Amino acid sequence: MSKKWFTFLLVALMAMLLVACGGGTTETTAEPTADAGEVAEPTEEMAAEPTEEMAEEPTEEAAAPSGDMIELQLMGWSSSDAENARLQEMVDTYNANNPGVNVTLSQVPDYDTVLQTAMAGGEPPDVFYIDSFRLPDYVAADSLMPIGDQMDDPDDFFPSLRQAFTINDTFWCPPKDFSTLALQYNKDMFDAAGLEYPTPDWTWDDLRAAAETLTDEEAGVYGLVLPADMARWIAFLYQAGGTVANDDFSAMTLDSPEALEATDFYVNLVLDGFAAQPSDLDSGWPGEAFGKGTAAMALEGNWIVPFLQDQFPDLNWGVTEMPAGPGGDATMAFTVCYGVAADAPNPEESIALANWLTGAEGMAQWTDLGLAMPTRASLSDAWLEQFPDLEPFLAGADYARPWQFRPGFNDVMNAFNSGLQQAFTGTYTTDQVLSDTQEAGTEVLGNQ
Amino acid sequence: MTTTVSDTTPVPLAVGERTWVRPLKALISYAILFLLATMFIYPFLLAISTSFKTLPEINQNSVGLIPQTFTLEGYERLFSFNVGRWTINSALVATIITVLNLFFASLAGYALARIPFPGSRLAFLGILGTMMIPGIVLIIPMFIVLKTLGLLNNYGGLIIPKVVTAFGIFLMKQFFESVPKELEEAARIDGATQFQTFFRVILPTARPALVALIIFSFQGAWNDFMHPLIVVTTNQSLYTLPLGLALLRGGMGQNLLWNSLLAGSMLTTVPMAIIFFIFQRYFIEGISYSGIKG
Amino acid sequence: MAAASGIKGEDRERAIAGWLFMSPTMLIFGVFIIVPIFFAIYFSLTDWNGISPPGEAQFIGLENYRTVLAGGGVRQADFFKALKNTTYFALGVVPAQTIISLLLAVIVNQAWLRFKGFFRTTYYFPSITSSIAISLMFLFFYQRSGLINQVLSAVSFGNWEPLAWMADPRGLIHIILEAVGVTIRTAPEFVRSEVLGLTIWDWISGPSVALMAIMFMNTWTTIGTMMVIFLAALQSVPGYVYEAAQLDGASAMRQFRSITLPLLRPTLFFVITLGLIGTYQVFDQVYVMSSGGPAKTTLTVAYLVYQNGFANSNMGMAAAIAILLFIIIFTLTMIQRRITGSEGDL
């Protein structure tokens, strides 16, 4: 049925082109004729293979012989200059050591749009980044090849990160690096208030008490900066012992007392005036408020480190692990993997590339910038030696939860954030936030 | 009927005012106009100034017009990228698109406005309708079409789909409708064909609209992001300025390197401003030209 | 030359000339716009996720349309929320940009005005400054201690309560109602009943503070473009018309009303139509500045299309919403054509 439709559209397209070209050459003036000439050539190509499925075509280009070279395309988003340059160096190393394979690196803007368009258009890159949050969508679309267990020593990856790329017991793709949430604190502000610096054994009560002491509303300074963002709140949910949904995602579990406790704690920090949203601190995100010194503490991930170094080089700050809640320790792991397309024309070479990039050699090169952390336990000691100050981020790997749910979960996140924004202004109760999200989640899970 | 370019005697102030009212009114008018001008240009000036600031300063004082520590680090980073190539690509693509747009859009606009051919109403509604679908939903089909025609990763793909726009046709059609009919009727009586009438009689009267179309077409092509994004993703040597500048922003995270980002946006804005300043003069010349004749 | 065949010949000549003039357009549009639109219409009838090749999508008829228009869930509520926001956006921006740009165009077209090039160029500047740079600048301006609050505070002699513009979800009409003592708690019962997934109270919220901030910025950036269009049109108003009116002793205002405005009618139709199309498709600023927040009050229909297609892997739904948006804009354009009396122009 749908295939018929598709062929029909293709035929219609061809017919239109032919009519247009014919018309163009006989009737119109010089310029349109030139146009028609330009498009005429590909039309013939099409006529030769009119019913071919789009998806099967990339083979042609990739297999196009340039000697016996196998061409691979590695695609990711454009990141910081240092990371972009490093990845290019790694690709150069790989090409030098692997005659017969030529990897081209594309670091693109608007990555999600570009990747999705290329995939749907039947021109997927061979190896590409996938964020753990987006993984379920790509798996549901049958667009990935399961390659996780084909990596060297897959058990060396931290379990929390393997879990982030595991769906229905399949380990889809190897994590390239990761970040965790930790607690950043402004040492000068703690000193001025005569407070001890936070420690890894802090609890919610310690966090709240310190935030209260550090807040000076008249001076516009708050103890803590909290965004209306599910990706931060969820750490508190896990610390309270709650969950978003049950293990097999057959039902949402945000109607639990733990969820309410976490949400109350989070929202009350703001309503009681010990914490503020970034927007109330003249900032676009928590890191900025923390850098400006309008908030004494922030709960962000590794990405705050280069930011503070670049934009607030004089700030005197430290970092420790997230506080524990009534349900124990928890933090979030944000991670990205190297995926290989389901119908990759050169599966063997693509998998080998992903394996090298996430293997001991590639991973060590990648993470010695100190920006993101190695996903292999065997590499963590060497990394810690290099970056001892960042230990609290790495320590989180042991109890981190993955940022990965089910396809279409973006809707659930939007529902939650929308509710939380209203709860922060006092127009919504925490009950309402959770029941809205529960409802949205139930709808999303029900559609699968 | 000798006027080829229509003329305007501007709307006068009121008739019969006392002599001192006029300068006072003028003074107030200029004051208001300059105030407005400040409002319109301030963000641009701030962007220039910010492009010369250091990152810590931008974070501490985001609205000051004078940098405390003048730095070129933004521009240094900018020029460490392949901006020369991006600029050449953008200029080339935008110029070709503009020239073809002028021709095709005025042809189609004239036909829709002045040649009552069968199907013209439907054609116009169809063209207008294409502007009403959010472009974002068309990009995957567009990608497939481009791929089918072999137009991915080449200049053809950047240019051909954009050589005539609904906006341009609509603009020209609405303009031609306000041109007096007598002009072409006279030409028709002299035995000119449709095409001759269009080229010799109608097109010359359309100068203000053509100038507007030049400005808009060039600007549209110069700033276009989505279309080049899907056409040339894997070939960075074909990147246009907006795509390249998106690379400057970096993909993830909030660590915006403001100075180089704004230095980059100056690189896109200033050429456009120059083009506008050059072409807007033709609006004025239109008046004086016909003033002599009339 | 027989009269009958002459007319017939002329008709034929017209048809040939018309379509000949149109042929380059038809070629380009047919291939690069019409074909993709047909794809999109087809997608809207499928459950396509936007990731796997489209040929694999399941045909599901009008299911997407049903979910969006009458599904009763989050999708329906989101769609109507977005439609509400977008409509408030258009109601504010279209009249403002049309009137201000017309005024500016008339002014910078005056013969007595000096520095014409300077004024025209500065007024056009917001239209050419890169939209990303502008959006980022305005994020600065809209901060609580930012420029906009400072200016408002200065002109109100310190009576202005600074707002965190981009984080404020309160609706304009709700704020006004609250000032006169009407809140959701004191309002009559019927406002709590739901219509199309939203309560009546939600429907009448007015644009949120955050949305108004984007509206202001959008108006400010589009005025220049509209001004240039009006300027081009004013240039083609023959000067003798005004001379005659002046001789009759018509005032400037009267000349504007009875000469300039009627002659500008096709242009007015053009500008308002462009305004409707542009505002109903507003996407860029939302994408850069607010991602639809706070509390979904800047969620617009075009942004919802993007979200469904490229974040929720629900391209079928995205296409359905896009088609619905097309129908809405088309209908509004037709209505607008009646109101501005531009039926002859189509």
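Order as written gives the chain letters A, B and C; numbering starts at 1 within each chain.
Assume contacts are C-beta pairs under 8 Å (C-beta built on N, C-alpha and C of every residue); 3 or more make two chains touch, one makes a residue touch a chain.
If you're wondering where the values come from, they're calculated on a predicted model, not measured in any experiment.
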| item | value |
| --- | --- |
| Category of the chain touch graph - line, ring, star, complete, other | complete |
| Top-ranked pair of chains - ranking by C-beta pairs in contact | B-C |
| Chain with minimal offset from the mean of all protein Cα atoms | C |
| Between chain B and chain A, distance of the C-alpha-averaged centres to the nearest whole Å | 36 |
| Between chain C and chain B, distance of the C-alpha-averaged centres to the nearest whole Å | 18 |
| Centre-of-Cα separation between chain C and chain A, whole angstrom | 33 |
| Of all residues in chain A, the ones touching two or more other chains | 13, 17, 31-32, 35, 39, 54, 113, 116, 120, 122, 284 |
| Chain C residues counted as touching two or more neighbouring chains | 24, 26, 28, 31, 34-35, 39, 50, 54, 146, 310, 315 |
| Chain B: positions in contact with at least two other chains | 104, 140, 144-145, 149, 160, 163, 249 |
| Chain A partner contacts - residues on chain B that touch it in the complex | 55-56, 58-60, 77, 80, 100, 103-104, 139-140, 143-145, 147-152, 156, 160, 163, 229-230, 233-234, 236, 243, 246-247, 249-255, 257 |
| Contact footprint of chain A on chain C as seen in their complex | 20, 23-24, 26-28, 30-31, 34-35, 38-39, 42, 46, 49-59, 73-75, 78, 139, 143-146, 164, 166-170, 292-296, 307, 310-315 |
| Of all residues in chain C, those that touch chain B in their complex | 13-15, 17-19, 21-22, 24-26, 28-29, 31-37, 39-40, 43, 50, 54, 104, 106-107, 109-113, 116-134, 136-138, 140-141, 146-147, 220, 224-225, 228-229, 231-240, 242-243, 246, 249, 251-252, 255-256, 260, 263, 266-267, 269-270, 273-274, 277, 280-281, 283, 301-302, 305-306, 309-310, 315, 318-319, 322-323, 325-326, 329-330, 333, 345-346 |
| Chain A to chain C touching residues, read off their complex | 1-3, 5-6, 9, 12-13, 16-17, 20, 23-24, 27-28, 31-32, 35-36, 39, 53-55, 112-113, 116, 119-120, 122, 137-138, 140-143, 228, 277, 279-280, 282-284, 407-408, 410-411, 414-415, 417-419, 421-422, 425, 427, 439-440, 443-444 |
| Footprint of chain B on chain A - complex, ascending | 10, 13, 17, 31-32, 35, 38-39, 41-43, 45-46, 54, 57, 73, 75-81, 104, 106-111, 113-114, 116-118, 120-123, 125, 284-285, 287-288, 291-292, 303, 306-307, 310-314 |
